[in-house]
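Notes for the one structure printed next.
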């Protein structure tokens, strides 16, 4: 198990290194200035607008996702004793 | 031209016996005597047709009967009856007829009677077809069919392991020769194709006239074999001769012939004495123009023929089996015939005449010898000479006819006159030709061979006569004379053996001279003109008396030796003729040829190669294929363990995979 | 005119489908026999309406199938395929008769598979589109796989896998070559097509010599492995030996390797990058197979295994004749296929009869069977003699044509092949002598001769062997016409 | 201004920690927690990018992703409960009747 | 207002799922069998709607949903699988108390796959992906009394969760570099991603995410366990359906969005394709559980399909897309046949009950259930690529495209693999037909028979007359190029 841990650690280290190299090696396009005071302007409204207009399809799908996982979770978690 | 009617009947000669074969094969069992009457009638008809044609040709010199039908591809089936074929046809159908008649009695009561007659009918058909074929391929086909019949008939009593083994041996040994023959045909075909520049419509590639017309070009083609420039014609003719060696039991492929005596005696008489074994001689005679143009091949034939004549004779004198003695005698006589042909380099095309003359005469007296032997065996029930003796008393006709045959074989007659057995004229002609050859080329070896062989011939045949017919019975047997249906053929043959040679001596040769002299063969080989200048017919009688008498002297000497030893029994051969004497043992064991062939060739070399090929190569190839399968399963068994069943491992694999894939892709895209 | 080519596939297939649903042995065999007779009738109809003086395709049909890939369902018959169809159509009815009285489980499947196989093999022969060709090519595997596995000998599983996978690999390699040909031609002409004749005709214009070599070699590999010849024969002895008699005969009738050689490889051969080299290699493989098969057969103890190796030896002639590349040598190779089918059918039927009669195939355990099985002995003799190339029987004609005319181009290899003739005679006679002649081996108990149906079916085939040995023209002429067409494509080769 | 790369580095680290957890822990609950960590590090990335590119898609995505993570956890725990009922333990490395 | 008619198939499936859920509550276990037929009808309706919608194109919901030939083709695939699975499940869920849950989940999973096929935005794609995943997690563990089923579900879930995290991580980088989640927009703003090292990282992370569904080595580890452990009908759905979801997502994302990074992912897919098909086939050789064997065979098939990415010619894409449909029939049918055998073994209580899909339990199937054996034979021969089956045609197009593109070596590897696969398929046939049965003959229940015949018909029709399917596949491929 110890060896496994070591191995896992090395693998994760490798992965981290790769992602880091990728992330650090990229000159990201960023806005020049972040808003100074985030509290000033809320983007909740924007997000809400997006969700209910542009992303209405994912939203609908998400509802079904929740329903599906609900059914699945209930079914699986339910004991069979009450039958 | 010969009348069309005759032409149309020519193809019936082999076809009637073939038909007889079919009828006998399917219905023979339901007929009396195995349906023997069908082949007898058919062969009689064939004989009549042959005889009529022969007489016709005799009356109209220079004419041939020739028919060709397309067979397949550029090859044909056809009939060519020239003097050479005509005499062979007549002889074959005649002897075959007599032997069939004889066999009715000889084979009576045998459960396989119908099979016997079917097979001999087939044999006769094939042999006749061989003789009258107008192309080399048909000849080869018939050649193989007679071989098949020989195989079937040797193994006629297949329940006997020795018969089955002998049949196999005969087939295989002759097969070696056949392959050479076939190779010759193949090389010839390909050469002709090249020379003719492809196929021409309307001509059949392998017809003899077609082949002969290309002889000059063929002899001009050369190939380099092991550093020697060899003419293609020489190669082809030697290969043909290879076939003849197998079929005609020449050294070194003669081993099958003595064993072939496992078959019924009638078969030995018909196939292994009179007809089939002479097919080799006939082949060489048939294609003689090619041989004439290839003198090297003729030399080989002469030496090998002469040697075989002598060599077989040496073994003949120690055999105790009645039929085996005759078998070795056959080999020896075939050697004479080959020798006669080989002397063509001295006497030209006339060699065909003298050889064929001996062939025909030999057919009569050898068939007679065998039938007499058969008669003895049939009556007495044993064929070991040591158990016989005094048979003359119970079988006078057989004894008389056999003695005549023996005289013919030994070649008794009075030189310089026309008095003598048929063997005397034909064998003397060959010996004289050998003498001419010696004078011509100063090479006396063939002559020496032929004289020595003549001595041995006389010894062994009279040893046989004396041991069988004179003295006291050496075992308890109950003999009786054979019925008339057997003795009549004996008598007929005896007459022929006695007088045929004397009657036809010059006529025969003249007749055969026409074979290649007519327009059908266009031989314009200038260089060959010199070869035929020693004409034996002219030379006959012009040699010194010694030369004329020498064959007769050695024959009488042989008779005397046999008389002293086996009739008077003055000299006891005890220690000499025992296995302790190495020479005797060598001879008795037939020069260990059987052992050499089976142990050395079939088992040693061939078996070694096979063992190598089969076990090593096949196993290697097979294990490569199987190995891939086994390897895959093995790898699979190991590789499946990657799937440990532990989720953590799975996750590790995913991450490791992602990391490595990124690195790999990065590396490769950087490098490319 | 009937659409014979399609019917020849459909009729056996339909009968096969119905046969699968029969209940009793008699129904199954009878129906299958009817089906095979119908096929025979159709074949004879085709044969009688066939013009053997032209190399052109006859009974041609073509329907669009997959336009996207240019694949069509096109079928037709010419002188290359006609004799092989004939062979199949002739032997199958007698095969069914032969096995009529044998007891076996699931007779409906047995006979159904025979007919399916027939349909598939004929399908290969009539196909003129690579796609159709390949489909039938592969379909021939399945009935045989089932055949060996259900009714085969002891090691049937191993044998059937080996055969199935080995030849499947070879087929796939061939498929790869077909792809190469297809795309190279597509690139060349701008039109996709799988038409065999068109692609073969296009072959010479394609790409570099190397590409053409690669295409040629990968396609011919499929054929050589199916034929098979040395060194691709490993599957053969096992499969032939373990198969039931009918299966062995079906294997024998599976002449698709040689057919592909004539139909596809030979016309391509002169246009490969190194035609001389190819011819040499093929000729060598052919000649070596002849010798090798004979030598290995000599050592076999199992009768069927011996016959299997002898079949390998015979197939060497097909390759040698093809490599000889003279019209008559190619015809000889074609005729060898035809004659081999007939001869080997008899031989395997004999071996099967011996096995059912005595319970063993080991030659040394037999002996003197001729006494107990006289009919079999006669028929077997015909087969064995034909197999060893005795003149007057079909085998000789084929071998003579191959040897005599291949000699023009490949003298050395022909001489090599000639060496095998004596060996061939040797093992045939040895087997015959040990099995049939000599003293009867009493250990075998009371053995009965083959039944009358078996006699009849074997006798008919034996008579055909004799008939075609004397008169090969009914099939040989069309072969010659077509091989002349093949060879004439090739004047450039300079042979 | 905090450079974007700090967020990215943090997210990468969090992700790696989650990964390490999944790879080494035996306990099912801990593993699911580690997966949540990974999902959240991705969310962190999304939000950071959203801010720094001045687009809202990322934040919307993050919201969806959180919802999905919740559902995922629900299903995961349900399966885990079923396993617990059966084996009375949730050590996932002992679940290896299916292997090879 | 959007024209919802374009989404009619999805709506039909979703509605059917909801209706089943609703009315299932009020039904007794006995009458619940009707639900299966209802689901089948719903799927069939959706299938008809999909086929009728062929040829229409639309983008909806602000460009997040794209209805085109590609999505329609894959909807066809998913609905076909769903149809087969629903049909077969009628028997599986017979007399079960949880029929409605089962069918709802099946339908929702199908819905998720269908939405993935038409999603044109990463957010939708991810959500739909997860929908299909969550529904199938629960389905995989549906036999909660069966340790195998739960174990399979757990492994599936764990690796699925890790993979979705990886995918999300990858998407985040793509989003970061391009500033958008919309697939067409990404393609426009790709420059930074294409030039930076993060591009490769993102690509491989996405490959890992999709590769989990496609079951490409080394992201496949869950697949054999989950396929083996799950109820066979669910295995059928997983292997024949949700696997294809990975492919359609990958088609859209890599070819449409990340076209600029083609060298990177093309190379990655080449490696994965070769490794996957080889690993799958080699390991399948030594399997004794038929479902596990089919799982490995499924890996191999995924490897073949992945060749489409490696070759990347129109022909290859056509072949790959065609292959997905072909594989849906073959593998879907094969798992249903396995389901039939498992049903037989468990009801007859004969044979190896521990591993009901053990190869030994297939002994003499040709005699015990002739139809199932025959169909199974067709499926495995199709998987092996024997002609007259869909598998052959698919391989012809796909492998030949590799030759066309000059990647002959890839075709050779694929072909050798294909030959190797014959080994284990033939072994299965041998067990079914050539070994003696252990037990008596029993009738095949109608649902299984119907599903098997449906799949067989699909396999044979695609093999005999592939032209229309090839045309559709080609239309779909045109969307990508």
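Here the chain labels run A, B, C, D and E in written order, and each chain numbers its own residues starting at 1.
To be clear about the criterion, contacts are C-beta pairs under 8 Å (C-beta built on N, C-alpha and C of every residue); 3 or more make two chains touch, one makes a residue touch a chain.
Protein names from UniProt, one per chain: A, B, C, E = Dehydrogenase; D = NADH dehydrogenase.
Nothing here was measured: the structure is a model prediction, and the numbers come from that model.
Looking at the partners of subunit A and subunit D together, the chains they share are B, E. Note on connectivity: the fewest chain-to-chain touch steps from subunit B to subunit E number 1.
Here C is the chain whose Cα centre lies closest to the centre of all protein Cα atoms. Using mean Cα coordinates as chain centres, the one most removed from subunit A is B. Each chain gets one centre point, the mean of its Cα atoms, and the points for subunit D and subunit E are 26 Å apart. Centres computed as Cα averages put subunit C at a distance of 64 Å from subunit D.
Chain centres here are Cα averages; for subunit B and subunit D they lie 96 Å apart. Subunit C and subunit E have centres, each the mean of its CA atoms, that are 42 Å apart.
Counting only residues that touch two or more partner chains, subunit B has 629, 640, 643, 645, 647-648, 651-652, 655-656, 658, 662.
Residue positions of subunit E touching 2 or more other chains, listed in rising order: 123, 126-127, 130, 134, 137-138, 141, 144-145, 154-155, 158, 162, 166, 173, 176, 179, 197, 200-201, 224-225, 420, 423. Subunit C has residues 161, 165 in contact with two or more other chains. Touching pairs of chains, sorted by label, consist of A-B, A-D, A-E, B-C, B-D, B-E, C-E, D-E. Contact residues on subunit B toward subunit C in their complex (touch as defined above): 72-74, 137, 140-145, 148, 151, 155, 158-161, 163-165, 167-168, 171-172, 175-176, 178-179, 182-183, 185-187, 189-190, 193-194, 606, 609-611, 613-615, 617-618, 621-622, 624-626, 629. Put simply, subunit E touches subunit A in their complex at residues 14, 21, 60-62, 64-65, 97-98, 101, 104-105, 108-109, 111-112, 115, 119, 121, 123-124, 126-128, 130-131, 134-135, 137-139, 141-142, 144-145, 173, 176-177, 179, 192, 196-198, 200-202. By the touch criterion given at the top, residues 122-123, 126-127, 130, 134, 137-138, 141, 144-145, 147-148, 150-155, 157-158, 161-162, 164-166, 168-169, 171-173, 175-176, 179-181, 224-225, 228-229 of subunit E touch subunit D in their complex. The part of subunit A that touches subunit D in the complex is made up of residues 4-5, 8-9, 11-13, 15-16, 19-20, 23-24, 28-31, 33-34, 43, 46-47, 50-51, 55, 58-59, 62, 65-66, 68-70, 72-77, 79.
Remark: subunit D residues 19, 22-26, 31, 92-93, 95-100 touch subunit B in the complex.
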